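In the two assemblies presented below, chain A is common to both, partnered first by chain B and then by chain C.
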Partner chain A sequence: MHLRSQPIEFVLFLCASFSVVILLLMLLFVVMEGSLAFTRLGTQLILGQMWKTNSDLYGGFPLIYGSLMVVSGALLISIPLGICTSIFIAEILPFQLRDPIKSVIELLASIPSVIYGFIGVTFLAPLIASIFGLQSGATAFTASLILAIMVLPTIVGVSGETISAVPIEYKEAALALGASKWQTIRNVILPLSKSGMLASVMLGFGRAIGETVAVLMVAGNVAMVPTPPWNYLAPVYPVTAVIAMQMGEAAVGSLEYSALFGLGLILFIITFAVNTIADVIVRRRPVGRSVQL
Partner chain B sequence: MSGQTGEKVIFAILGVPMLICILIFLWILSLLLTGIGTVRWELFTMSALRGGMLEMIVGTIYLLLGAAAVAGPIGVLAAIYLVEYAPSGGLTRIIDQAINNLAGVPSIVIGLFGYTFFCRHLGLGVSLAAGWLTLALMMLPIVIRGSEEALRMVPASFREAALALGATRWKAISSTILPAAAPGVVTSVILGMARVAGETAAILFTSCVLITRGLPKTPFEPVMALSYNLFVQIVALGAPAQRVFGITLVLFMIVTSLSLSAILLRSYYRLRQPWLRMKG
Partner chain C sequence: MNGGEKVNRERSHGSIQTSRAIIVMTLLFIVGFASGYYTDTLFSSQTVVWKEDVAWRTESISISGSTTVLPIANACAIAFMNKYPGTSITVTGGGSGRGYSEVIDGVVDIGMASRPPKQKEINDAKEKGVALWLYPIALDAVCVVVHPSVNKTLKLTLQEVGKIFAGIYTRWSDVDPSLPDEPIYVVVREPGSGTRGTFEEYVMEPYGYDVTDAAHVRPSNPAVRTTIETTPYSIGYVGLGFVTSKMVVVALAEEEGEPYIYPSIENIASFKYPISRYLYLVTSTRPESGSLADRFIDFILSPEGQEIVEEQGFLKLPRYPAGV
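And then the complex of A and B:
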């Protein structure tokens, strides 16, 4: 190695490790700001049933429940839609149409969440209110619908990548043995891309649970577990929404401020775990070229 | 014969979800387009103090350009390291994993971090500069991944030719590989900008205010942004749809034109540079 190129290499290395440093700093600072809440509230922050800022009660359970409810609703809709779409685009759609359709889905992904929120508030919520005869259309169901649209591109994109990463020889071999197109898809392509699809769902979950603005605008924001707990037509107050709504008013250093960072840490840990698992799944794929998440 | 009909039915069923995706896109497009009639175009160039949106538009552009100026160079250099220098091993895997994890951090958590780290501990306060840094964190993984892909698509023969002519490793990179990858690198920065142009949660407490007197004169003043204003007007002020339609449309146009130009740029250079067509 040339001695003269070493300082450059070091600068390049610093830039590459920047992401690691930032992640560590993020963890450090969020933990630091949340430490008051952890010591004072303990497990109450996750298990406590009441979130009432006025009475200084910070029980995160209804919020976490709200988040999970909205996200599972969204995934129930977007997983089947997304997986089928990705198979259709990668294997069945005529070749010339693939790129245009992929571009449309990419555009769908680029629409900012505040615009999805706007659409939710202005068009979807009134629609849902009138269909179900509710006073307000801001419900867990509305949030699930909007969120489903938002994570669809992630699922379609990542599963599509894994499907097209299956080596063409496998497909050709199956077809040469007399398998029909559907048999090839079902018996060769799907088993090989199963893990990638699972990864796409994990990433979709991570995206969905961290989504803030759109969800906040349509979820109704009532910090209670709906009665009965599976009632999707009731308002919920997801974790992200609480942070966004209350950070502005929370006094720096107060228990409320710290509790909001505590919630932030929970989100950080969940998404970190989900992304790491998705990464491991993709790396362990049996065949095919590497896939970028 | 019946097998083939059965197959057609299956394919048709698989096609329905894709049609739903496209219909959703068209539905959103049509919803936004119906609002065009209610927009007063003169508001675009009118100061926010008089009910216009000039400062929001310029503020959003300031935020975008600053974030790109931070994330662009760092991202490209990181990509060069990962493609050209990084040894395959534990540390490189950690870096790789960290980039994916950074991409997955929810924007609200990035906003929390930006507030405590940039605004409070670095003393930037709620300011344009804090917004640049916070948004740059969101852009970074996109720029790194995009540039990496662009660098990897440059044929090895380019590098070998430069090295054979006696160029140092860095000289080979800066004089042949980087220029060949430049369109892809630029595309990745544009994609990163598209990703953060409408970002709200990350700048909610780091950078934005509802109204300012004119444009910020230094990076240490707060700024107005389209996304933030749209959000606050609906959520906190309960503004009716027709009052915020203008903001929504401008924001949509900015984001869509950024992503469209990235998509078009990419396919244009795929056609122009024959070696890029090999992949994908």
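And then the complex of A and C:
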């Protein structure tokens, strides 16, 4: 028995280590390709204000700012929307309707991102242009809206899970003590699933900051920090869009090529940090602690 | 304990049966392939064909590069594959820079380019030990286009266009007081695009201008077209084949005082229009005579192929190219 199971265990081990090895190799590759940019440009790659390929200027600040701006805009929209939706589905919606509604929201995740881009370009951008009286609807706000819809399934899915993970006894106890439905949600369910919700937001962040195609189509692509910096109705040029736009053209081994990898590495680090934080938060299981009503 | 051993024995019995099945299946496969091969050789020996005439009929090649040339290559590839079923030609975009780099690296068989190679690309080719072969396949013009809201007939000198794209003029009324007092929405292509390269070579570089930071970057000719069509007070540039009725083509003059010229067929063919250019297919060595790549290039240069060039909105080569 033991002898026969060993090869299978080995195969399973190979499969499991495959993704880890790939991750390490990718990290190594990105670091190696980007190292030229980091040694030649230094902090200029992160803090430089000018991104001009023609004159070999690679200042990534407007691009990184653009990415963070679009993503925070998206989260500002999708966090309240997503968490309210998940509470509604888990607690208020009649039991029979929960699964159909959940799968409809999950369907949002299966729509290819180009389709979001199309809708953004042909419908949302003109709409926003006419509402705000803009020349063009390709702005940070449009990109944020599209991204908000794209990360919604992640937020609703993960925070929905944590809400359903709250033990039924807690809810029953609260209701038996005379708490109303809203009091139960506010004082029992929300505190218990807080960390899960935070994790869902972090996962949504990771999804949003890495999104390329839809953002490239609607963000407007101007490599400048908007004036004033909080002006969401101005175009931005997120990092992923720059990389997708210029990678095919950059000569292998050139400074441009390396700078693009450097930007990729910065994105990688941001996403990695956020995902790790999310992971740590999820691991701190909330259920089982006492609740103060 | 006993029960467990019994189950174990049964399982090993089962695995013997499985391995037998696998052996039988493998044998069947081998027999199948062998017979297929045998009948294949049997039939082909009956029809006599020249050896070099069959090889290309089942070959496949890939093409990548300029999005300006893409519609021509695509339409020609479809026509070619319809004519010779069995051949396979894959065409992808990416820009002239990608066309050159992939041809040099041997990733694709043919590159598409809307500009001659840069010195850097020639050096790269030398380093890799290949020589770039350029085949002009069509004539094209980079057309400066504006949204109809600017003016229905707009005439500019190259330097004025340069000032607009450099951000020296920021409002249309700066260019001419009769134009609307609205901000100019500048649309450009990504660095590496052949259209951008040609445009900057004629319009920006002679005056030492650099594209403004406020320019909106679009990844392809169709993307620029959509942006110009939908954005009031916008200006951009596209290849001739991408001009539509929803935009206004600007007449250009080399200098103040020279005539303003529209990119009409005669003006481009005679190179009177200031930003006229050739479109190219590129290979890394001269393709072997009779190979699919060779035949495909011949096809585009043939009257039939040049017909497709025209259908796609570009210009035939002025004279039938004998020297290429």
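Basically, the second predicted complex is superposed on the first by the 286 of 293 C-alpha atoms of A that agree within 3 Å, B and C clash if a C-alpha of one lies under 4 Å from a C-alpha of the other, contacts with A are read in each partner's own complex, and residues count from 1 in each chain.
Throughout what follows, a contact is a pair of C-beta atoms (placed from the backbone, for glycine too) under 8 Å apart; a residue touches a chain by one contact, two chains touch by 3 or more.
A quick note: this is a predicted structure, and the numbers were derived from the prediction, not measured.
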Chain A as common anchor, with chain B and chain C clashing or fitting: clash
Contacts of A:L203 with chain B and chain C, given as first, second, both or neither: first
A:V252 touches, of chain B and chain C: first, second, both or neither? both
First (chain B), second (chain C), both or neither touched by A:L216: both
Partner chain in contact with A:T276 - chain B first, chain C second, else both or neither: first
Partner chain in contact with A:M50 - chain B first, chain C second, else both or neither: second
Which superposed partner A:P191 touches (first chain B, second chain C, both, neither): neither
Touched partner set for A:P167, first chain B, second chain C, both or neither: neither
Contacts of A:S110 with chain B and chain C, given as first, second, both or neither: first
Which partner reaches more residues of chain A (counting touched residues only), chain B or chain C: B
Touched partner set for A:G42, first chain B, second chain C, both or neither: neither
Shared chain A contacts, counted only where both chain B and chain C touch the same residue: 1, 121, 216-217, 244-245, 248, 252
Residues of chain C touching chain A in the complex: 4, 8, 94-95, 97-98, 101, 105, 120-121, 124, 182-183, 185, 190-193, 200, 210-211, 213-219, 223, 226-227, 230-234
Chain A residues within the chain B interface of the complex: 1-2, 4-5, 8-9, 11-13, 15-20, 22-23, 25-26, 29-30, 32-33, 80-82, 84-85, 87-89, 92-93, 99, 101, 103-108, 110-115, 117-119, 121-123, 149, 152, 156, 164, 180-182, 203, 206-207, 209-213, 216-217, 240, 243-245, 247-248, 252, 260-261, 264, 267-268, 271-272, 274-276, 279, 292-293
In the complex, chain A residues that touch chain C: 1, 50, 52-55, 121, 125-126, 135-136, 138, 216-217, 220-224, 235, 237, 244-246, 248-252, 256
Chain A partner contacts - residues on chain B that touch it in the complex: 3-4, 6-7, 10-11, 13-18, 20-22, 24-25, 28, 31-32, 73-75, 77-78, 80-82, 85-86, 94-95, 97-113, 115-117, 120-121, 137, 140-141, 144-145, 149, 168-170, 194-195, 197-201, 204-205, 227, 230-231, 234-235, 241, 244, 248, 251-252, 255-256, 258-260, 263, 267, 280
